[in-house]
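Both complexes below contain chain A, partnered by chain B and then by chain C.
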Partner chain A sequence: MTAVSTSTAARMPYRLSGAGVAARGLAYLGLGVVLFLPWFTTDFSKTCSLAVIYALMGLSLNIVVGYTGQLSLGHQGFLGLGALVTANVVFKANLPIWLAMTLGVLAAMAVALVLGLVALRITGLYLSLITLVFGSAITSSLFALATFTDNNSGVKIQRPSYLADNGDWYLVCVAVLLAVFYLDYRLTISKVGRALLALKENERVAEAFGIGVTSYKLIAFALSGAIAGLAGGLYAFRGELYSEKDFQDPNGFTLALLFVVMCVVGGLGNRLGVVVAGLFFGLINELLDDFFYAGWVKPWMHHVPFLSSYYDSDVKASYLASLIGALLLLQTLIFNRGGLGAQLRPLSRWMTGHRFELHDESDAGIAAVEGSSVRA
Partner chain B sequence: MSVLDVSGLSIRFGGLQALDDLTLTVNEFEIVGLIGPNGAGKTTAFNCITGFYKADRGQVLYRGQDVTRTPPHKKAAMGFGRTFQNVGMVKSSTVLENLKTAQHARVQYDVVTGLLGGGRVATEERALAEKADAILEMLGLQDVRDLRVGGLSYGTLKLLELGCALATEPDVLLLDEPSSGMGPEESHQLGERLLELRRAFGLTMLLIEHHVPLVLSVCDHVYVLNFGRLLAEGKPTVIQTHPEVVAAYLGGEAPEALAETHETAEDEALDEATAATRKKKRGA
Partner chain C sequence: MILALNAQQQLGQPLVLGIIEGSVYGLIALGLVLLYKSNRIFNFAQAEFGTIAALTAYFAYNGKLFGIPWHMPWLVAVLVGIVLGTLSAVLTERLVIRPLFRQPKVILVVGTVGVLLASIAVEYLVFPTQDTASLPSVTDVGLKDPAFRVGFAAYNVSWEQVLTLVVLIAMALGAVAFFRYSRQGTAILAVSQEPTAAATVGISIGRVSLLTWTLAGFLGSVAGIVSIGGAPLLVPGIMTGTTLVGGITAAVLGGVTSMPGAFLGGLLVGLVHQYTSAFFSFPGAQNVAVGLVLLVVLLAFPKGLLGSET
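Showing the complex of A and B:
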């Protein structure tokens, strides 16, 4: 009986009133303004560019982990590859920036396809292990070749003059993020997203539905690699320097783990949550350092036990960020399996023109269902 | 014309000969039953026919075409619809999403077009949803349309799974225990429904089923498997009283029944002893 009554209520069309439209319009406007604000700054907009790049990496990894259910611990490899190819193409061939970034995307996509071929044969823990080794191996070998690193001094590249300002580059990053966000949305509402979700849960069921598991796994890896390669291009131009050290262990592995933590804290398979988590983790690294060294914090912080040792050692704030990541991961796994995305869902539903409801009965825990036990 | 022609199908798992020289034919618009005790190899036969397992030997012909080595997703696109022993659906998605997913092979737009979107994609997606709604209406399950599959009851799920199989627009439907988890009344309704589906969609079906009244009421022909081998085949009423079948189900040799049917023609086999067995089985 309850099922009947709730579903009829849910299917009753919710008509937006004029005020409702206005309120949502204002919300979007506010969001746009907030996104635009960093443009006025120089250093902060650079930090924000990094946050946007992390958000892109979140979306990239989310396709593989969240939608397809394959854990990858080597995504810093794709990010690095995108940066490497983009930077070197500009440095050596002096090609236009857009072409260089396209080449970076294609390179990362091609390598991701190779990793996808491995994923066809191996799944689960062993696949994670292979991606882990892949990330370490490619960053410590290919990335460190003297020809690609301008004899280990780092490849310096410059953005074209019309994008020289950090704020402008930040806007480019945001535009790319919005475009990828839209593509990701299209992915989930088209047959591709449905196919990935089906094969994630049960490959046999997917095949019975006529879904070619092989090709869709490859598609997932290729898309993920392409987005990571794009993020890599943005990354290279953000600092106007390609340095292999950014992607080599231990930095590289920290990054790879961070990307996974981002996806889980954001909510596996939840695009909005992953983006918000990505932005958060991208910002927190730099902001923590700024915070600790801020004039009004430092004298006060010296009196706080434990935290005061922060100034004596060479422990960077980014490690504190890792700690925060770990705590957030724990709280997500224990209390809130849907991640940030599930928490934001009432808001995102409201923004997309639905009624504001804290509970949505059709949406009881995406992450609560872990695979299924279908035998064939 | 036969829709499915399986000949000499064999598969071995280690020391177990799961299927041994299985030969069966399913004719157009027929509903064929595949029965047998637990572990007889019924589901294995399904998996070999649909391509989930690669048979060691044997051949599967679909409308005269050799499809022995065709992978399952291609078979689904060709018109093989199947259900699983315990529900094969995407549990974290909604019912509507599942019905759309099941129509995957019928979607015309390609991957890139789907990502970019556009009028054609939107039109087609709307058509998918309409088809899904039509199936739900036919099954009388409109109320669960937007609910997640994971939270639904088993009987509903079995019915929905049938709906998903129908959504793949099958030509031949392979149903693995469609009535499991249903009471006698529900499974009777299921029987009516299957006959109706055959009429409405011109379907051919092969079904694994334990529920004897259902087999009797819908099947045109029955194959009995035991230990991977074909034990008997024939009309359901004949199979029901077949001494070896009775023996396989009830255990032992059933020598009396065996002796009696050797003498009489199969069609006249309904003597008192087997009629009693029948009554007993129905009651159970």
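Showing the complex of A and C:
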């Protein structure tokens, strides 16, 4: 009996004290202020918008890689498709911004559905190869058609006047990210989310439990494509320009790899970690550039053996950022499989009103869900 | 002189060019197949071993690296390049593959993606890019007249390209013989099929893995040297940019476990590339065609054209 009573005591819901509520409220306030700060700047807020778009791409790829366990190397195609459709619709038909972005989302979603149809037949490494070829094929063909690129000069568009400021657009991006983050949370606790996890664990077992493998795989791809298309729309309006070069190889290939790196470093299937990793990788390019060209760094960095080549090449920070990304990726794989999300877990649990515990054994999060928790 | 292309040339020119382009894909595919046979993974860094080899060879031949002008003879420089390219594969095996050996295969694949990103970045750090030019081709240094072309059926084919094809055939035959006749080759196959049983009969799994990666690194390096030599520009990541997708496609088309399949797949990808660019002119036609061929082949023959051993 005592054993039972102690265990029930241990399972008693943790009740927040007044001070606890206040502390968490302050933490949320601080987070909000930090997110809001870039609004005061013009150039930096543009960089931050890019970081937010990367975080969105992380969430998008996370649905395919993290929830259903299929490696996709063609997500720059969906991002670009969203940007292409949004920009062209605004440029040619002068539709309102929200309608243009909706069309971008729908286009990316439709193409993702087609790729999802392929994924029904081909899985695993073969599918990752198909997505790789898909990405390079669509970006080099469809994206470069003269009709879509304003005769190869790049499609120039303008945000509506009430969103003309970079800071305002940054706030729009953040709002979209928060909304998608919330939707993603709702997805994982819904029937669809549990079905996707069951598919990842074992497709045949999931099917035996009555999960419609076909429809759920298609749903996963469609959702992933829709989020990427949305990110693409934000991307097009961020630079007020659609240029196919952004998504074509070698840039496109680097982007595709970067998205995978973000997902793995953030922790597969962990939305908070993926978002933080996305923000980090989005910012690091620009911040490294700023760092190397800062007045107090430049004079002596010229004499550091390898880093001095930074000033000689026109490639700038991208390769240093990819070195950092690669090293983070390898250390995540070898030493720290949970990724950033596992590291942040005590903090995120505290923020959502639980006890602060460095090693919580309560549940392993979404990974603990089993196939049987899904009804057909 | 204005060349009025007759029908024979219109069909023949892409054939010759396709075989030559395809032989590079075939070389990359051979290395990929070798690793797939032993580890069951795609190695995304395979083509990058070639870039490392080519860059090293270039700087050893006429570049200035670490403040030292090396100026090695051409043959020595190429050998140094191949050794360094192979060494990078060995390092990959030791530092990345070995610690992840028992993880799911997707993790290993993502690991090779990490190696690819890291090696491109390291190339940028080590090799000064502003004076990067082309590695002199074998035609420039070996055979006397660089302008001399093999006049095969009136098509312009350089010695370089002939050499690539010869090297590919030699390597493919060598690889087939290695797996069929040598004890080491048999050991690699044994480990790939049943690691525990292989270990029980006294095969060292670690050594087999190291051997496989060494061979794959060698194949990648040779591919880099032969295909980049004489190319107009040599920059970090170039082999990955030009040959990785084609190489992986070739390997899969042939059925990822088959050496002759890799050879065949390489030629097929090269031919599809050349014929589409000869007959269609919309942007990216080559990539679309290769993607369609890949899709059709995978849907019709899920194991590829020659994939037999599972």
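The criterion applied here is as follows: the second predicted complex is superposed on the first by the 351 of 376 C-alpha atoms of A that agree within 3 Å, B and C clash if a C-alpha of one lies under 4 Å from a C-alpha of the other, contacts with A are read in each partner's own complex, and residues count from 1 in each chain.
The rule is short, and it goes like this: a residue touches a chain if its C-beta (ideal position, glycine included) is under 8 Å from a C-beta of that chain, and two chains touch if they have at least 3 such contacts.
Given the structure is predicted, the values throughout are model-derived calculations rather than measurements.
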item	value
Touching partner for A:Tyr28 - first (chain B), second (chain C), both, neither	neither
Which superposed partner A:Leu132 touches (first chain B, second chain C, both, neither)	second
First (chain B), second (chain C), both or neither touched by A:Leu183	first
Partner chain(s) touched by A:Val261 [first = chain B, second = chain C, both, neither]	second
Touched partner set for A:Gly69, first chain B, second chain C, both or neither	second
Partner chain(s) touched by A:Phe356 [first = chain B, second = chain C, both, neither]	neither
Which superposed partner A:Tyr14 touches (first chain B, second chain C, both, neither)	neither
Partner chain in contact with A:Ile122 - chain B first, chain C second, else both or neither	second
Chain A residues contacted in one complex by chain B, in the other by chain C	none
Footprint of chain B on chain A - complex, ascending	3-4, 7-8, 10-11, 183, 186-187, 189-192, 194-195, 197-198, 201-202, 204-213, 219, 361-364, 366, 368-369, 372-376
Chain B residues within the chain A interface of the complex	43, 46-47, 50, 52, 71-74, 76-77, 81-94, 97, 100-102, 104-107, 109, 111, 114-117, 121, 125, 143-148, 150-151, 164-165, 168
Residues on chain C engaged by chain A in the complex (per definition of touch)	41-42, 95-96, 99-100, 103, 105-107, 109-111, 113-118, 120-122, 124-126, 128-130, 236-237, 240-241, 245, 248-249, 252, 282-285, 287-288, 290-291, 294-295, 298-299, 302
Residue numbers on chain A that touch chain C, as the complex places them	69, 71, 118, 121-122, 124-126, 128-130, 132-134, 136-137, 139-142, 144-145, 249-250, 253, 257, 260-261, 264, 306-307, 309, 312-313, 315, 319-320, 322-323, 325-327, 329-330, 333-334
